[in-house]
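Listed after this line are the structures, all set down as structure tokens.
What follows is subunit A paired twice: with subunit B in the first complex and subunit C in the second.
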Partner chain A sequence: MITPYTALLESLSRQRGVRASLIVSEGDGLVVDANLRFGQDGDPVAALAASLYRKARLSARAARLGAVGFLQLDAERGRICAVGGRNDLVIVVVAESTANVGLIRVELLKALESLE
Partner chain B sequence: MADEIRRWSDELAREPASLVFLQLSEALRRQGQLEIALKIALRGLERHPRHAEAHDLVARIAVDRRDFERACDEWETVLRIAPDHVGAMKGLGYVCFQQGRFEEAERYLTGAAAGGGGSAVHAALQTVRRSSTGAVMPGHDAIPAVDPPWLFADLLVDEGQTALLLDVNGFVMAGVYQDHDGNDLAQEIGAQLSGISDEVLRATKRLDIGEWRSIVFETHAAVVAMAPGADESLVVVAASRATPLGLLRRLLDRCAERAGLWLARQGSR
Partner chain C sequence: MIIATVEPWIEAPLKQYVDDARARLALLLHPSGQVLAQAGFTRAVDVMTACALAAAVHATAGELGRQLEGRAFRGLHHSGVEKQLHLAAIETARGPYICLTVFDQESSLGLVRLYFADLCRDLAAAAPPLATLRPPALAADFERDLNQNLASLFGRG
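On to the complex of A and B.
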């Protein structure tokens, strides 16, 4: 199914080391659209990314630090990167731990611009 | 940054007497390339032996290399050239504190505070004053005998840096977070981050990506990094937006190490 987000997600998933890309709703943690590999489950990623982003946003507000931009979770065998904007949507990428974060960050910010 | 480093390198190659070595060496230091940063700074010093900023730069590189003796020598030279140099007083205060020389640390930090050293210097000064009434720490990596709010004060040497240690429920165990008006926001931040470790732990397990190591997020005003600590605690560090991520990670590692030692000491009591 082609959606307004298909091209954006395909472009993110083409980055080296990217396993999945999703657009999630920060408010309820549900998947809005996703580009996943066969057999992958996007729900836990969406729930985690939305929750992390919300906590980051609320703690940044408590610390008077302004709006949150890029967020990155590093784990032993993978990483999750996310950016959110003025609306409720968060763009999320799941990548290998060896993926180039700098490049993913640039692509995510570019994707966010096109989303807004 | 890579472009700027290339530009400064080219400029220095064209004009070896240029002061651009200061920017080049500082950029390399921030990237953690300490040996080459030192080499460039020393070469610059050969041409500008009376340049206070060059000596200050060598001192800061020396601190990053844990060469405190060299750092002291350089900062003392800075003060001979420029007696009001705030950076050198801050630096000497930091090294003296690390070495347990609290009286000297207080003297230098008082000077830095009078020279407009900012809130970080005032926090460090409080730490030193509290430490001087308690036990003296024996080595560079030991835990200063300070009240929990000041546990990280000596590690936070740049303006705008702050660190907190939160327990599993988001309660503040150590560290302090003050806004520009001096209001302590630590509890509020802790409350918003409560449960994050547990949640991430469960999710990373389900996603099969191993144990989580850190979360970093950028805001308009700062970069915030956090890492899991002992007993499901959370170490949170914030620094100005200009701070390179590599430097922030080093700061996070140092604070996490300090928090671990402190928690272990609390547990052994």
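On to the complex of A and C.
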């Protein structure tokens, strides 16, 4: 099924090392749209990444640091990158630990611009 | 958060669920409205009311689902200004139960659904099978059983 987010998610997933890309609702923690590999379950990633992004946003606000620009979580076997805008939507990328974060960041920020 | 259960095998899975999903209130009940466990409630009368309403909503939604697509709806979500509720059935060896979860902005529907799936799995694994089939809830016994369960949950057994 083609949605208004299909092209955006495909361009993110084309980046080397990207395993999955999702657009999630920050408030609900639900998948709005996703580009996943066969067998991947986007629901847990969406719920937890949305929660993580929300906590980061609240923490930044509490510390009077302003809005969150880019969130990156490095783990043993990969990383999660997320950006969110003025609306409730957060773009999430799950990538290999060897993926180029700089490129992913640029693509995420471009995607966010087109989303807004 | 205070968690009280009528049957001990429910306690650990329910506590894990409430902690993980960051739920404000949780109730586990029979589809008849008999309470089995509660988390976060402080008054028996609130539990009694919530159980009656949850059982009624579950029955209504189930019947609507059967009318619309031939099978009962599995879950229900209502979103309020500050609080939201999630109501869904759990299948165990002891029969179906209903779980009512109330959460706020500390959690999200996605998180509640995620950990609810774990709760279903954990309760199904923990439930000891019934030696005999549960008799249907009869009006004559309902109030007695309900009062027994409430007394057990609120320490007046």
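Criterion: the second predicted complex is superposed on the first by the 116 of 116 C-alpha atoms of A that agree within 3 Å, B and C clash if a C-alpha of one lies under 4 Å from a C-alpha of the other, contacts with A are read in each partner's own complex, and residues count from 1 in each chain.
Quick note on the criterion: a contact is a pair of C-beta atoms (placed from the backbone, for glycine too) under 8 Å apart; a residue touches a chain by one contact, two chains touch by 3 or more.
Since the model is a prediction, treat every value here as computed from it, not as a measurement.
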| item | value |
| --- | --- |
| Per-residue contact with subunit A, leading partner among subunit C and subunit B | B |
| Partner chain(s) touched by A:2 [first = subunit B, second = subunit C, both, neither] | neither |
| Which of subunit B and subunit C A:47 touches, first, second, both or neither | both |
| First, second, both or neither for A:28, with subunit B first and subunit C second | second |
| Shared subunit A surface residues [contacts with subunit B and with subunit C] | 44, 47-48, 51 |
| Subunit A partner contacts - residues on subunit B that touch it in the complex | 177, 179, 185, 188-189, 191-193, 196, 199-200, 203-204, 206-222, 224, 238 |
| Subunit A residues within the subunit B interface of the complex | 44-45, 47-48, 51-52, 55-56, 58-79, 94, 97 |
| Interfacial residue positions of subunit A with respect to subunit C in the complex | 24-25, 27-30, 43-44, 46-48, 50-51, 54 |
| Residues of subunit C touching subunit A in the complex | 107-111, 113-114 |
